[in-house]
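What follows is a pair of complexes built around chain A, which joins chain B in one and chain C in the other.
Take a look at the complex of A and B:
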């Protein structure tokens, strides 16, 4: 192994090691927390069962394997995740794959609508001077409004027009994801140097030409940064929308059902599934970003 | 300067006004049913007519927002200072913080309702969790933003860690901290309202929205949203105003040469 290789490997380990230690510490903390939070409930169970003579180990083991604990232990969540992902038929309503696929569908559709709208708005704002002054403050203001609060209403309104299924939820996902794209792309499309824009003018390039040959390529890093934020926001929108219209399924519906019936393990499993979906989508965009960066030569 | 500031207000105001007029005209002209989209005038009438209800909802939700916002931002800042002090945590905790801040945090709402009960405390807990990570990530970046020249200067003064922190690094971090405070002001509103979808005593803006949608009182829903929007914008505006006063030295507020 060459020296550079060895030092690269060393750096890699130095990067991963602290994260691993912190994660391990958090899991350990979690177990302590689970023991602490479930203690009273389990004590009541044992008292009701007339069981007075038990060791601490017995008590702790019972605590970490309760049916409806206040805080489920990590292994319970993993077991539930594994059970509802791999062991149940994916077409069943009890399968996490079924719910996650609904949520992902809504997220991706909403993200596609939202980011196209965002790019369109950004292009308009960059090219029409009047729009920058009049529209931009409203785009910013629209985000100080709790848009998520509109979710139940949008679902109901679209229902009136017989638009049901995944579209109403995708609309909410789109609503949440268009903003980061607009702001990021306005910044990105304005990122070329005035010198470069002047150069395009000396070439007597049309607006379209300087858009496609200068502005659009220059905005690539901003594009990917805002895509990552937008896709995460779209997933949040989809999950919240599912909470308000839970009969169609999805991870949000799973969360709500879990909270109705006090199935804490199920709630946590749905939460972890949503986290995995979000991380997966962001990671996927990150990969495309890195590949594009390498080809376009702006990689750091 | 003053004329330009006025023009900056008039253009968006005109745009907003024309949207409202167009909305009213479309609703009246096409006879859109009230359950689909009420006219702005109808929403205003409803808003004025139900001030007591809206005020009680507002009071219920705002205490969760404020309590959660203060605790979340303060603890995020404190943890950021700790992380900054220990390089190990910086490498171990920060990637996790970045990861967690992209997660659908609203999902913890049902769990918090289970832990802290139906009242505002559980909503405040959701807000704490939602606001903690943006503050952590931004404040750590801000604390790292003081230049090495300035740090060297502090060293030549023989300044202690605490002195360097309060006199140089925290002030240098202020623009980043205010960025987080602004992001968090809207997140806090969203968090509290969404948390109320998962169970609340029969009061609160999220509760109102959810129940009035079920009863097809769409104008009441819009009235609540207007209250929420105005509150959110004011909250954001107050934070932005304080930022302007406190970080007047920052490049983005210095007057541009004409």
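Take a look at the complex of A and C:
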């Protein structure tokens, strides 16, 4: 093997190694936790069944494959994920695909509303001098209210206006996602340096020209960073909304149903499905970010 | 009251590009008011190359910015082509070159040069033609598709000069454009700028820290002193329009440079 090949291989290993170590450590820690947390329950089961003569291996195997463990083992969650994603008909209410598609729909609609609102607010704050002081504190205050307290009220209020179905949940998702976009875009739209702004002034550029030819493109890195935060927040909002109003399904409803019946494996599987959706959306925005960066020359 | 310079003005009023009369400008800062300019009188005629030289804080940049309508004077008057600075700016009377290239990093060099043309509403064909001409003018042909970060500092500043000239303003305002560049690059750009000035017949106002640069480039050198910023001396250098860096070794050049240095020293003596 040539030296270059060897060093390329080495570099690849060095890239993968930290990730592998962390994942392995987390999974190992999880198994230890599962053994520890389920010990009492499994001990009681064996005692109730009159089983007294068992080895540690036997006990551990039983502990890691309980029906309703306090903490399910990773392989149980994976099995449940696989089962409810691939083996159940997607139109069934027991399918994670069914619930995830509802959640994604709400998330994307909420994200669209929230990020549009965020961009609009940021544009206003940057251009109208008074708004920075008069509007920003309210925007910040809006996020200090726990969404779990606010969500039912949003549903009730919108119901008064005959707005039902997916929209109230999208509004709750939007409530969480407009904030990072507003804050990020205010920063981004203000990111041009004084010389770049002076330059526009020497051309007697209009405000619209300065916005589209300077402020907007300069805000691109901030835009994508806030979009990533916003889409993840929108998904959290959608799940919270579904917990509030669970009759229409969604991953939040699945979480709630799981907790009613003590189906811990099902809860964790729904949690992982939500995390996977979120990661997928953030990853998608990351791809668009990278493509834009190449086109705008800020990727080097 | 007219300054000695203004009185000296021999040419017709129509050829007067810049007219500054009794200009004062005070900045309000957190530490109280700072007088940046005090009773400045200055007249510049078409085709002149006027340098402003002086230590930091002498107001040379502020004067240039006031002429460009980037700062508002506290008192006194400025006329640019017979108009107020605001009107002149609205008529796109000048191109401004800043201390830093201030290129937009997401635009390629050619799109940076085309920026003022886009804003001023030139059509695509005209923009392309002017960008190509501009790239040629500053010896950047072939670099149009590059992004600013792919260029050296000197090339970036040349691109910013092409940008300032793209819409063909008669007046070029340059604020220490070569201040951040090394001596060798600066010499080269000075020669190129002089050629450009000769070819395009523009009026140039040029702020600098460097005595040789000021003497080499200018038809007239305005020596300024700080606290408050004012004009100490105005020196006609009278070298031919076409000159090379070699003139810097002639006795005439050294004489003018000495007078500039003297003026600068005088301005400093009772400040420190």
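We take it that the second predicted complex is superposed on the first by the 285 of 300 C-alpha atoms of A that agree within 3 Å, B and C clash if a C-alpha of one lies under 4 Å from a C-alpha of the other, contacts with A are read in each partner's own complex, and residues count from 1 in each chain.
Basically, a residue touches a chain if its C-beta (ideal position, glycine included) is under 8 Å from a C-beta of that chain, and two chains touch if they have at least 3 such contacts.
This structure is a prediction, so every number in the text was calculated from the model and none was measured.
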First (chain B), second (chain C), both or neither touched by A:134: first
Touching partner for A:235 - first (chain B), second (chain C), both, neither: first
Chain B versus chain C as contact partner of A:156, first or second or both or neither: first
Which of chain B and chain C A:255 touches, first, second, both or neither: first
First (chain B), second (chain C), both or neither touched by A:244: first
Residues of chain A touched, compared between chain B and chain C (which is higher): B
Which of chain B and chain C A:198 touches, first, second, both or neither: second
Partner chain in contact with A:21 - chain B first, chain C second, else both or neither: first
Touching partner for A:275 - first (chain B), second (chain C), both, neither: first
Partner chain(s) touched by A:213 [first = chain B, second = chain C, both, neither]: second
Shared chain A contacts, counted only where both chain B and chain C touch the same residue: none
Of chain A, residues touching chain B in the complex: 14-15, 18-19, 21-23, 26, 37, 70, 130, 133-138, 141, 143-150, 152-153, 156-157, 160, 228-229, 232, 235-236, 239-240, 243-244, 251-252, 255-256, 258-259, 262, 264, 267-268, 270-271, 274-275, 278-279, 282
Residues of chain A that touch chain C when the two form their complex: 193, 195-196, 198-205, 209, 213-214, 217-218, 220, 296-298, 300
Chain B residues touching chain A - in the complex, by the definition given at the top: 7-8, 11-12, 14-16, 33, 35-37, 88-89, 91-93, 95-96, 99, 102-108, 110-111, 113-115, 185-186, 189-190, 193-194, 197-199, 205-206, 209-210, 213, 216, 218, 221-222, 224-225, 228-229, 232-233, 235-236
Residue numbers on chain C that touch chain A, as the complex places them: 68-70, 89-90, 92, 94-96, 98-100, 102, 104-108, 115-116, 118-120, 147-149
